[in-house]
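A, B, C and D are the chain letters, set down in written order, and residue numbers restart from 1 in every chain.
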Amino acid sequence: MTLLLAILIDGLIYASWLFIVAAGLTLVYGVMRILNMAHGSFYAIGAYAAASAVGWYFTLGLPAWGAFAILLLAAISAGVVAGLVVERGILRILHGRDEVIMVLVTYGILLIFEDLIKLIWGIQAYYAYQPYGMLGRSKIGGLTFVNYDLILIVVAALIAGALWFGLNRTRKGKLLRAVIHDRESAELVGINVKRLFITTFAIGAGLGALAGGLAAPAIAVNPGLGIEVIVLAFAVVVTGGLGSIEGALVGAILIGLARAAAVNLLPEIELFVIYGVMTCVLIFRPHGLFALPTARRI
Amino acid sequence: MSLSIKATRFCKHMVVSLTLSTICVAVNAASDDPLKLGLVSFYSGGASGPVGIPSRNGADVIIKAINEGTLPGSYSNSGKGAGGRPVAPVYSDEAVDSAARVTEYRNLVQRQGVDAVIGYASSGSCLAITPVAEELKTLTLLYYCGSTRIFEEGARKYVFRTMASQDVENIAAARYITSLNPKLKSISGMNQNYAWGQDSWRDFKESLDQIKPAVSVKTKQFPKIFAGQYGAELTALARSGADVVHSSFWGGDMEALILQGAPRGVFDDQTLLLTTGGTAFYSLADQIPEGTVIGARGQGDMFAPESELNTWFRNAYKKAYGENPTFPAYYMAQSVLALKAAADKAAKAKGGAPAMDEVRAAMKGIEYASPAGTIKMARANGHQAITGVGYGTFTLVDGKPSLKNVRRYSAECVNPPAGTSSSDWIKSGFLGAQCKQ
Amino acid sequence: MNPILEVKNLTKNFGAVVAAGDINVDIYENEIIAVIGSNGAGKTTFVNMVTGYLKPSSGKILFEDADITAYPPRKVTRAGICRSFQIAQLFPELSVLENMMIAFSLTASRWPSVLQPLRNNKTAENSFTVLKNFNIDMYANDPVASLAQGVRKLLDIAMAMVSKPSLLLLDEPTSGVAIEEKFELMDTVMNGVLQSGASTMFIEHDMDIVERYANRVIAFYEGRIIADGPTAEVLQEPTVKEFIVGEDIAHQEGGGLNA
Amino acid sequence: MPEKNFNITIIAATLLLITVGFILPGWLTFLTISILAKALVVVGVAVLMRGGIVSFGQGLYYCIGAYAVGLGGKFLGITDLLGLMFLALVAGLVSGSLLGLLMKRYREIFFAMFSLALSMILFGVLSKSQLLGSTDGFTIVKPTILGATLSTDNANHAIYIFACLLSGIVIWLGQRYLRSPMGFAGEALRDNEVRVEYLGVAPETIIYTKYLIASVTASLGGGLMALTLGHIGPEMAYWSQSGEFIFIALLGGTSHIAAPFVGTAVFEFIRTFALELAPNAWQIILGVVLIFIIIFFPSGIWSLFSSLKEKLRSGESGSPSKTPSVDLKKGDS
């Protein structure tokens, strides 16, 4: 029983983190058809911004809870700014190029950010651990969890809900969905696709940075952070179905639970369980679990 | 148009520099000719912060002092330079794939004409570089990597390692933990899923089997290196309820393990044993669980024995970089000093600037002073250093990190004797170990 | 005489939408059939099902007495049914001649040769012959991307003819072509097709073209066949006049997003 | 370019390279072998790219080839250069023909991601196998050549000559392939899969062929790299290695079978000097170069050569000739 509980809770916590990283990635892909490797950089930028801002905040001697606001604010705004720079500076020029070419363009951006981050923040690790322990811990079925992690599940659920609401219940969101389904027709009926692109990319980058910011309190923020996370996020969105928010959610949960199960039952296979899940899904559903409908060509 | 002109100019420049550097190789070392030294470590990627950059800083501090002749202690009368030659460093990043590492090594030696190479933090790099160094007949000092295979897979002529192999710290860990907790019944493992983590666990487990045969293993976790998220592993560790959790995590991963494990109280009733925990000693002082056992690969940093050289090194480093030298800095310093000591010894014997072959001969079996104590090149036919290892138990004293129950294991106590492979020695029950406390 | 193609109770549903419902058609040798119907009437869906691009929800397709219902497009092609496309399906980065030569060498074998050169005198000759038949040999070395719409259409059909089909399905051969060039284009197409002796079915919106070239007309309306018979008779039917002919005068050029 | 000219060029270039080998300094010999080895892998990547398919997991076969050589020496006792390379070839062929059955169904980003997953699984398996040295890998002894044990220098030189010959053969065969119906079918497939299908050929057949070619060249490249490095490890299958191959393929361009060789040489040049120029920030240089290439030279460096050739040709004849040329001169996008 505790075993099942452990797998469930650990799996969900891990899935929450994965989902927050993957949500922005899949959103950007859905709208812009860009599988953005630089998403890993946004994650790293968010983590660095959050860690340095939180560190600075605690030197001020203000009430500790304010650190959460600072953390979110720093991560998201850093991500959005970086996202805008990337979209305006590079991606816009290459609008409409082959999808795989765009992967490589963003790979180049990732490489550039890797070193830029080092030039900005240096190579020393940054820590922002105060918020992680501040919320205390809970005992569930004899197992101790940090409340911060449990709240991460709630945050992920909120993000999923907000994205669902935004896409399905707001005017802008409906426009976005129109673009996701058929970009050419959307352009024909006069939707300002360019503006939607930049909005989407900023939101995507903000989400990526938010994920980094939320992860920052539990890790040492070090160079190389972004590269490690991006392939994981790829696995999630490809498993779930590129461009699908539901897919990212289900993919994250599937991979999160599979990994937690592996760690608790058969630690030897942890290294390939994520790619194993992805491979199994792709064998049976070549376009992932929730594939976007493809437009008919003839 | 201007682009192509620039491109042509660039090419010309490259051709010229290629030719020049080829010529450089041909020129023989004169006495005031700088000793060109390749310095390789992780200057980018996840290992740059905890390992590569402190290493480079450590090298820079020592090289500056060598060239200015300001080294204290036993080096105080050794004059400027190494064997009379000023040392000129050339840096090269280790964070490339192994083909490129070998390419860059060859570039260093054959194109840039370095006289010796010091470097390599990853055992994979060391194993790949070793045969090439032998092939190119170039003095190469491995400063940090731990694999026991480097000297066990073949006799080396040009490759030295100024650091003890990684089995040593795990043997010492087993000794320390059993002396700390004589009633030890069960252990768990938390090691990164690559050669370093796997080998560390194996050596620790096998050593423990010799010292205390009935200890059971509750769970062995092997998360991916740089994974960063250890929630599930920590749950598994918490559920297993072992007495001790052995971990060879290093750098950011090790810190994340502390940051995630401590608030959950996983290490409240299990002792965390960090074989390379020293790098978190200052930065995460208020997060490291009380009672955590900390090692530092050899005797760097907080385990470094008091000496004039050590005090000087700490001050010089702190003055230059605004922080304490962590143990990678110590081990790089240790390696550069090996070169200095051997070159000086050879120069003294010759009465002039020695050739690199003479430096190499002098290095065999040398015993020299370093900020981390005296280093003896005692194993593998004088090519492999043996060093003592320190372990201690973490405690906060008035909010400041400190160590209690510190034990320093002498080199002869935890290093296999010359001619014996590490695994044979462990299986023999550490035959011939000399452990005076 | 036996029909070469028998379509029995063919149905295709997309969710709740019936794109094609209970279609029964027999096609005989030497027929030239026009398929008419407004946009979304199910004409292209029908062609797509016969050529294996879409799987029917139910029903059967027999070609020369073999059941080809579940065949993928390449097997349908090899069985002897070829088609052209509303939007010409070409290899835009290659030249016209290369397009033709690829068509020849791919139809020659299911495993195209790996080491023999594509360009050889025999293939080039064959390609030129077909290009001449369709009056586009002067474009042989032009890249496809530079061609006018009408030439693309002809090349598209010429490529379909390479495997010498016994049934040819042309999906709106004149769409996208200027109105004054339509007859010239159809003349060229029919000239090329008649030489091969294939039965031909073409989808067409222009009733003048239908009247001039078809000897039989099938009329689609909302996924069903509402009339099938000799050209003159069908075009005079009141339902056809009401639902299709009248409408199509208004929507002649609206074929871009046909279902 | 007529067939004959091409054959002569290839033979001449191979012989020239072999001759130059006698005067090259050691580091350049080694660098050339590793350029040739990597370029062999990139040839496969480029062949796939010409079919519109990008493999983000070509490191899989690079690693399989290397381990075939390593294990052949370690466990089967094969020491000869040719024997070991034959083993690499067989390993690539067998694994490629099996996995190809699976991969041929995928396109675009899914092909890229699936190939990445497969190579990462191999990386994981090798990282787990302590018998094979885990992530540290293991050392390979210098091979014997036709039964003769040579000194290290001579063995290196023999490998060099072998690498030149192998590259020459691969370029020759590759050019024949690209000019064959199957080769053109690849271009056709990238341009328009629907049409290919309606010409009666299964797109899967075309992709399978490309996949096989790519897995064989990659494992040959891996085998060659193993022999020259003397040490192999699982990181050869890591995704970033595959990313590098794609980078090089884009850099060189895919319009000519020899483009990957130029691309690899330029890449090594840039990487080496970036590393020397800025040991802390060389990734910025690589990233900028990558984006620069994609924006300004979408057909790779090779397009510089072909446009130059075009200019020379049109300068000679006064006007662009209208005769059907046998050369396939076109960019890739």
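By definition in this document, contacts are C-beta pairs under 8 Å (C-beta built on N, C-alpha and C of every residue); 3 or more make two chains touch, one makes a residue touch a chain.
Only a predicted model underlies this, so the values are computations on that prediction, with no experimental measurement involved.
Chains that touch both chain A and chain C: D. Think of the whole protein's Cα atoms as having one middle point; the chain whose own Cα middle lies nearest to it is D.
The geometric centre of chain B is 37 Å away from that of chain D, both derived from CA atoms. For this pair, chain C with chain D, the centres built from the Cα atoms lie 42 Å apart. Put simply, the C-alpha centre of chain A and that of chain D have 34 angstrom between them. Along chain C, residues 53, 85, 89 each make contact with two or more other chains.
Across the assembly, chain D contributes 127-128, 194, 240, 280-283 as residues in contact with two or more other chains.
Residue positions of chain B touching 2 or more other chains: 44, 193.
Touching chain B in their complex are the following residues of chain D: 25-28, 30-31, 34, 37-38, 127-128, 130, 133-139, 152, 225, 229-233, 235-236, 238, 240-241, 244, 268-269, 271-273, 275-276, 279-283. Chain B makes touch with chain A in their complex at residues 44-50, 52-53, 193, 219-224, 226-229, 231-233, 235-236, 238-239, 251-252, 255-256, 259-260, 262-266, 283-284, 287, 323.
The part of chain D that touches chain C in the complex is made up of residues 3, 173, 176-177, 179-185, 187-188, 191-192, 194-202, 205-206, 209, 322-324, 326, 330. By the touch rule above, chain C contacts chain D in their complex via residues 51, 53, 72-74, 77-78, 82-83, 85, 89-94, 97-98, 101-103, 105-108, 110-119, 124, 140-141, 143, 159-160, 162-163. Interface residues of chain D facing chain A in the complex, by the touch rule stated above, are 54, 102, 105-106, 108-110, 112-114, 116-118, 120-121, 124-125, 127-128, 194, 239-240, 243, 246-247, 250, 280-284, 286-291, 294-295, 298, 333.
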